[in-house]
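Okay, so here's the structure we're looking at.
By letter and in written order, the chains are A, B, C and D; residue numbering begins at 1 in each of them.
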């Protein structure tokens, strides 16, 4: 339906010195769902404001299907936003809430009625047309908000942390609902979240944002297994980085000093006895977490965080152990922040 | 250009809101200012001095301030326990109590004053400051109760439990925990009780019976056709305390002011 | 805690009752308890009206609550500065001037006290006349048999019917005069030529319709309505061709003459300011209209004419007073003492003080801001200093006052009080609401 | 300070409730007693409905005053509500802290003072007329439109507008500002244009508050004395002015009529307040 091109966006707020977005570019395919992951202040919400037209960029362009939308009024852009809270109009019932977008487009009441019915079936809440928004649970409210956003067949759906205020169970259920509906309708979607698991579960591609720039952009699988930069690796939960340690990487010992290897915590082994290519360390913490045990081991002046599935040994504080970084799980990352 | 127009409109709005003040100043400090002179020609402090030397002005100011302060204090004292119960407890009859406290905001001061006039004459309260204070409490009490009970509704009782657990006496808790946490609301409630009392005309007239003279009484009798300079001067005196109060409490007002505004 | 709250409430109420600033509200019970040390035959606080010394003794230290119309700042100031000071200095009496918007309020106060059985009450002295006097007298609420017994009563010409009768009702020794007044018009000599001025009610109608919207008179019905009523009664006199017949109440006389009055006023109404759909409430409002060139004539009762208003900055210095050739109603103002007055002795002393020649002389001077005429008969004053003060004051009235001869020539007394209600109701029904 | 269960709430409520019930109850009882002719002041103890007959007589001034009072209250209320709505919508789009302060500032001017200001500014020889004369727009005060002490209560209405517009504006603004993201933005995002946002979102959103506020304003204006007493004409008079006039009449029998009118005012205002309360309640229920 819609390809979205974001081209070299720059934005600095009037009384701030640091730009919120720096030369920000991104292309989103038709029907694709891209998750934006980043800490607060990384520019996620500013990007949404620029796309919906609440704010204007200092320079750059946003194009839907190769034509710029910057000069289109915010209400005509077809980029519909769904918020963390449902923001259902309290003075309207469910039907009128969902039908709002159609009504302002001038659709007839029969069409609105039929479309609302279709949307309610889609979100799995048939027959609640006449309910007041105050009578809905949090999850129901968000579903209705989703229906309200989708009823006008928007060119681009923007989800601004839509699940973050919900309980875990509802949340996981809604992840599926949203993902399924998005696929079924094939609507191009940007999904903003700070939850890594949620981003991976729902998106076709993930964009990692830091200080107004994209640090990494790839499929969840690729980003998880082989993040290419140090920053991306940190995002993905990697905390152990090794630079040219002779013990481990003797053979590949390289001339370039900025060559850094990373390893995911679940691939690091902590054991009582020494063995091939292991390093000695002292346990500073050992926590039983049910499905796995988490270790914090002081190795060579740094702390290494490791995670081993059960069954796994428990060590007392101060125990002497050996830490092994299996070679097949080491991967190389760029030491620059930008990928 | 559009911005220019809108910002200009805003200043017109502001001007309308300050205009009365400028108007009063112009009239208060001028004399022999007749139609069609657009601006005062002779400026003078005479009216001001004259009004101050009038034997009624200072006593009426003092009396008004004294009455309003007492009303503020008394409505707080009366409202605090009631507001606590209404803000924190659910009990049978709560609705009814709300309704009863709501009544004084509905029943016009005219009717209250006319009815009370006779009662107060009988019990010897008519024409006394105590009588006027008591009458003023009727319109102020609901507002203090509503303000304080909504403050209590936001108040977390666990702070009190915490203090109790730490060994504080009930009196100590009330003074040092409850009251301190409620201070902003207390201030706003007291100030508005003060203002409502300060500007009360009808109740003072009907209960005070010409013996308790406050500024609104003087202003009203002057305004029904008196010397414009005197009217303006009295108006300036009349709004001085409210202006001070508004300026000081600007921030709290945004939260609490609304429900109090109308009576005023 | 609750008990403490109750204590607080009680305490605060007590505070309210005896606060320092409550000093102006007099607790009658306390005030009358002044010890009387000298009058040997009398109990403490009592006095004998025939023994003036006992009155003075009893009054010492009292506060007298004088309910007086408070609509004029300059009159208020005069009362405080002249009577208030003299009372304090000469007799050790404190004057508490209680301003009322309308004398009716004071009358009501006394009536309400009666209703509540409150004795002593709050009112010691009332500036009163006409209808209000009649109301209290009828209700038997006035202190009796004193007005001719105060020392200065000898300066008053009690044989004069205008003093003996208040709006046709016998004064009966229940009120004492303190000032006099006569109805006059005011014009601005810078705007209007003296030779164009109307000199009768008939003239006035012609003038008004030649200058539509430039004349109005005070609403006769409200609290400040006495000037308006007086204006209308003057018209009634002229239309009926005489003033004396109206001194006694006669319903048939009214019925016979009121239609002519109604048609005169309705004809006039067409030419009035704002087409007569509204009228100034009182003299002060009319003064504002006049000074701001909304109308060409103002009205006054002051012997000083426009003098007081000019001094006060309320009228241009070119304002002048004038009268018609006849039917300009004059009368006397009185003070009366309610039967339940808490400080009767002090009230008597004040009533007597009001008639002191030097204060009488002071009250007519424009610069003192009071502007009402003498209540005493100047020829009865024997003290030569006082006499010359009175005479020189009379010459100081200046251009802004009506010449004394014109005043005297046109002077007539007010009609019986019953006509007041008829005039008000008739005007309200047949002129205002028409 | 711990409240003991069961009896405690009533003990805490007692002081305030006693005052309210005692004083209001007494004033109501006395009003009713005097309205039916039980006036102990003049020793009149017979019960009669003559004051009611007198007041409700078709020829009595009561009806004119009722219509006049209704006119000024309804006109003031509707105009205030309309202007306040416009103003609030306009201000909420370009919100500044100084706006709230400016609107609150209005609190400093009691109704009495506003009336005085209107009087000095808008009368035929008031400041505006003087400016008009200086600019040559009018020659004489009589050329200036009658805006104060006029037969139609324009001055009274203007005076109320000065106070009630800020009041209602603040009421509406506080509703509009209660959300971190305005419903306005949500609606725009869903495709509504400016007018549609006002029509379909802002107005329905503020309507309950506006309606309740307007009814309060109506009740207040309908029952208040100072403004019509100062800015009104001798005829027609507003109901409260008429009531007080009767009440203060030297002829004590007229007090009965004053009480009747006062009771009628109270009745009307109470009915309006109950409607306003109901609206408020429904609104609470809707918002869960």
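Simple rule for what comes next: a residue touches a chain if its C-beta (ideal position, glycine included) is under 8 Å from a C-beta of that chain, and two chains touch if they have at least 3 such contacts.
Computed from a prediction, not measured in an experiment: that's the story for all the values here.
Traced through touching neighbours, the fewest hops from chain A to chain C number 2.
Shared contact partners of chain B and chain D, listed by label: C.
Of all chains, A has its CA centroid at the greatest distance from the CA centroid of chain B. Inter-chain centre distance (chain A to chain B, centres taken as mean C-alpha positions): 55 Å. With centres defined as mean CA coordinates, chain C is found 36 Å away from chain B.
Multi-chain contact residues of chain B, defined as those touching 2 or more other chains: 34-36, 77-78, 81, 118, 134, 170, 174, 220, 224, 228.
Listed for chain A are no residues, as none touches two or more other chains.
Of all residues in chain C, those that touch two or more other chains are 1-2, 5, 9, 105, 112, 115-116, 281, 288, 292-294. Of all possible chain pairs, those that touch are A-D, B-C, B-D, C-D.
The touching residues of chain C, when paired with chain D in their complex, are 1-2, 5-6, 9, 104-105, 107-108, 111-112, 114-116, 131-132, 135, 213, 219, 221-222, 273-274, 277-279, 281, 288-289, 292-294, 428, 432-433.
Note for the complex: chain D touches chain B at residues 1-3, 8-9, 11-13, 15-17, 19-21, 23-24, 26-31, 34, 87, 94, 96, 98-117, 119-121, 125, 127, 129-131, 133-134, 141, 166-167, 170-171, 174, 216-217, 219-220, 223-226, 229-230, 240, 243-244, 247, 258-259, 262-263, 265-266, 269-270, 273, 277. Of all the residues in chain B, the ones that touch chain D in their complex are 6, 10, 13-14, 17-20, 23-24, 26-27, 34-38, 77-79, 81-82, 84-86, 89, 91, 94, 97, 100-116, 118-119, 134-135, 137-138, 141, 145, 160, 164, 170-171, 173-174, 178, 195, 199, 201-202, 216, 219-220, 223-224, 228, 231-232, 235, 238-239, 242-243, 245-246, 250, 253-254, 257-258, 261-264. If you check the complex, the residues on chain D that touch chain C are 1, 11-12, 14-15, 39-42, 124-125, 140-142, 146, 149-151, 233-235, 248-250, 252.
Interface residues of chain C facing chain B in the complex, by the touch rule stated above, are 1-2, 5, 8-9, 12-13, 15-17, 19, 21-22, 24-25, 65, 67, 70-73, 76-77, 80, 84, 97-101, 105-106, 109, 112-113, 115-116, 118, 122, 224, 280-286, 288, 291-294, 312-314, 316.
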